[in-house]
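Single-structure report; data block below.
As written, the chain order gives the labels A, B and C, with residue 1 at the start of each chain.
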Amino acid sequence: MARRGSGLMDLLPLLPQALADGLLLGGVYAIVAVGLTMTFGVLRIVNFAHGDFLAVGLYLTYLGATLLGLDPYLSLILVLPLVTLAAAFTYKLLVAPVIRAPEHNQIVVTLGLSLILQNAMLVFFTADLHAIPSVLSGQVVRLGNVYIQAAALIASAVSIALCLGLYWFLRSTEPGRLIRAAAQDRDAALMCGVNVDRMYLFAFCIGVGSLGLVAPLIAPFYYVSPSVGSNFTLTAFIVVVLGSMGNFAGALIGGFIIGIVEAVGGLMTGGSINFIITYAIFILFLLFKPEGLLGGRRL
Amino acid sequence: MGSAVGLDIAVAEVSGPLLQVREVSRWFGGLRAVDEVSFELGSQEIVGLIGPNGAGKTTLFETISGFIRPTKGAISFDGLDITGQPPHRLARLGIGRTFQIVQPFRDVSVLENVIAGVVGPNRETMDPRAEAMAVLACVKLDHRAPALARNLSLPEKKRLEIARALAIRPRLLLLDEVMAGLTPAEIDEIMVILADVRRDGVALLVVEHVMRAIMSLSDRLVVMANGRKIAEGLPAAVAADPAVIEAYLGRRRHGPA
Amino acid sequence: MRSMLLLGLATAALAGIAPLLSIYEQHIFVLVALYGSVALAWNILGGMAGQMSLGHALFVGAGAYVSTALFLKFAISPWIGLAVAAALGGALGALMGYTVFRRKLSGVYFALVTLAVAEMALHVVSNVSFLGAANGLAIPSRPDFANFQFNSKLGFCHAALGVLAVTSVAILAIHGSRLGYVFLAIRENERSAAALGIDVVQGKVIATAISGALAALVGPVYANYVLFIDPESVLGVSLSIDALLFSFVGGLGSLFGPLLGAVVLVPLTELLRSLLGGKLAGVHLIVYGVILILVMRLAPQGLWGLLSASISRWPK
């Protein structure tokens, strides 16, 4: 997507496409950030390996395609439970023991996990980029002058649905309320007989397991490589902060904004400048509006 | 006992009260945790702050020690307006405090904990180690100086908490439920220490639930309920005040707020 | 003062041993000293003051690039470059620290900001041709004292040892002064620290500045040793992780544990790299990850803690 930006007028006709690309990129960011909103925004668990679970899901999808000939939309049935299982293991073995410990324990432990996951994938699959074939690969929807990948459209739609679903889940269902209670005041919840540990496990599995849903959805239009994870982890954290922490709508909006900014920024300048904009936005927000776009939540 | 702590507090001719709390209020949204509370404290007084749970004592404490900004009202210390000043500034001015949940610096020694208090306010000190040992002697912890703070018993930790606060050479010491969880014998020990501290020229503002301790320790009592001051005066008088009795008993009748 | 004396003796001893090592061992010596310095500097902020940085490569890279750019474009000696590097590192640290800490945000935010700023710097430098962009900057080999290029590896051993010594002196000086207690209190309990008269925000900013300045010193030395720098090698996240890793493995709470971590892990990494080479690149990182998790769970006091515990158990 690197285009040598020249005069502004030359770029204007390219803007609608960039906006469309940005929206869809934003949809991907949003859907990855939604899971992190659950684990970091609600549960306050710092998981630096978040993006790497996405990479694991992508490689599982890849294996499904190459070994079993499954289309990503089919292998979803396998990938989702597998990633959720991985999440459960991770919680039990790594996160639960340090959940009451100082923050840096969680950071370091998940950082270690990230190193292991990323490099295990590097060793098994090498650093080569792989495309994953799908019935929808290359299928494009055309709106006027703008071309949109059909698979990306579906992913964005699911992103919105997931946001709404999780929001409704936390607000209006019994388990959701229990999770919020456990997260807000652990001791009070314990006294009320809530199995806090199980609630946390459940919520963590939802948050990280959702990446098992995301991976097959983005597989048709996203190359898989071991470093996919690290690209997404930091951006996901930024989106969550931007979106005011435990706020799913905020994560959605934040994701789309970052996506658009990166796409349009990439249009104007080319090169890896789009990452710089994301980080700059993050720093500016921390300087001036640390409570995020939608405010309110205590940091 | 002379200057047991070697505090060298210059008990100057303070032309007014040491601490003045004037119509201090603190609201949290619609909740008036502290509602126009006023009182004064002189330079060698011990004032006890009592009241049923939820009366706002801790919130008031937090505003006086600089951890919370009052919504309205003013606080002055030795004539200086300190409203809204941050805690470290107040500590350097001479206001020390202990915390309800004692949290010493766990992985270093008792002595190091107190040295941190000696050097914290960034004033001139000849020999921080010696000063710290002197403070520890005052709270009878000098024999535990090399022990790791995490290995102390609860009463020892409480005394360490007091020692650390004394190390900054305060003229006013705020004690936040320092007797909680102690046996009667341990409480008596603390009372002796506090009497020594007052003799060395430190004023005390004490929040406490252990009634017998605060009744005998305090020169005056200030009683709070529902965020307001409902009584003030000599312990005996306050104990007999019907409004005070109502506040405590009434709570018990209607259950916790 | 006794510890300063010990430090002087140790430095002299190491300086004396260096000429006796083989070329390969001297290479390891330089790497251990340089990585150890970065880790020690990281530990001032992370272990002593309790604030975790995930982007310490920023300081090393800033030091490396400013010194190299000054040398290549303006023929300014890297000796001056060292001083400029330290000043730049300190300024960056102070700025970043002030930005985050005055907002009283929790540790995770600081970690995220350091990561974001380091990544930002990496991408910015990758796009600035003046700084060599993604291809990096090569330094022509002109061995001369003024150019900070020594005729033999031995010279670099001493230079790296010098940086290590400077950092160690700083650590001892902090530990023996009020600042050491300021960092301790901030690390242990910020509320108590404030109640003891300590300006917590100021303390954190000072810690970040000192840590940044010392880490930045490594940059110019590394640049002139390897004669080549590029964004990935001096600004990459792997360097930041190394600093953190060596400190945790060596012993977060100790003063010199990070050096111990470097002494153990740097040769180990070189060994793994030479054994497995390009075929299984990344295996050493898997090992790192496992070690990190094991240390956190089983021996949070690190190697230093294990050593001092077993020493104290030796019968007297």
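Definition applied: a contact is a pair of C-beta atoms (placed from the backbone, for glycine too) under 8 Å apart; a residue touches a chain by one contact, two chains touch by 3 or more.
The structure displayed is predicted, hence computed values, not measured ones.
Undergrad: Where centres are the averaged C-alpha coordinates, which chain has the largest centre distance to subunit B?
TA: A
Undergrad: Per-chain C-alpha centres versus the global one: which chain is nearest?
TA: C
Undergrad: I'd like to verify one number: the distance from the centre of subunit A to the centre of subunit C, where each centre is the average of its C-alpha atoms, in whole angstrom.
TA: Computed from C-alpha means, the inter-chain centre distance equals 32 Å.
Undergrad: With chain centres taken as the means of their Cα atoms, state the distance from subunit A to subunit B in Å.
TA: 49
Undergrad: Just how far, in Å, is the C-alpha centre of subunit C from the one of subunit B?
TA: Each chain's C-alpha centroid was found; their separation is 43 Å.
Undergrad: Residue numbers of subunit A touching subunit C in their complex, please.
TA: Subunit A reaches subunit C through residues 46, 94, 97-98, 103-105, 107-109, 111-116, 118-120, 122-123, 226, 230, 234, 237-238, 241, 271-273, 275-276, 279-280, 282-283, 286-287, 290, 299.
Undergrad: For subunit B, which residues count as touching subunit C in their complex?
TA: Residues 65-67, 86-88, 91-92, 96-97, 99, 103, 105-108, 112, 115-117, 119-122, 164-165, 167-168.
Undergrad: Using the touch definition from the top, list the residues of subunit C that touch subunit B in their complex.
TA: Touch residues, subunit C against subunit B: 178, 181-182, 184-185, 188-189, 191-200, 253.
Undergrad: For a test of understanding, state which residues of subunit C touch subunit A in their complex under the given definition.
TA: Against subunit A, subunit C makes touches at 46, 50, 52, 54, 99-100, 103, 105-109, 111-113, 115-117, 119-120, 123-124, 126-127, 237, 241, 244, 248, 280-283, 285-286, 288-293, 296-297, 300.
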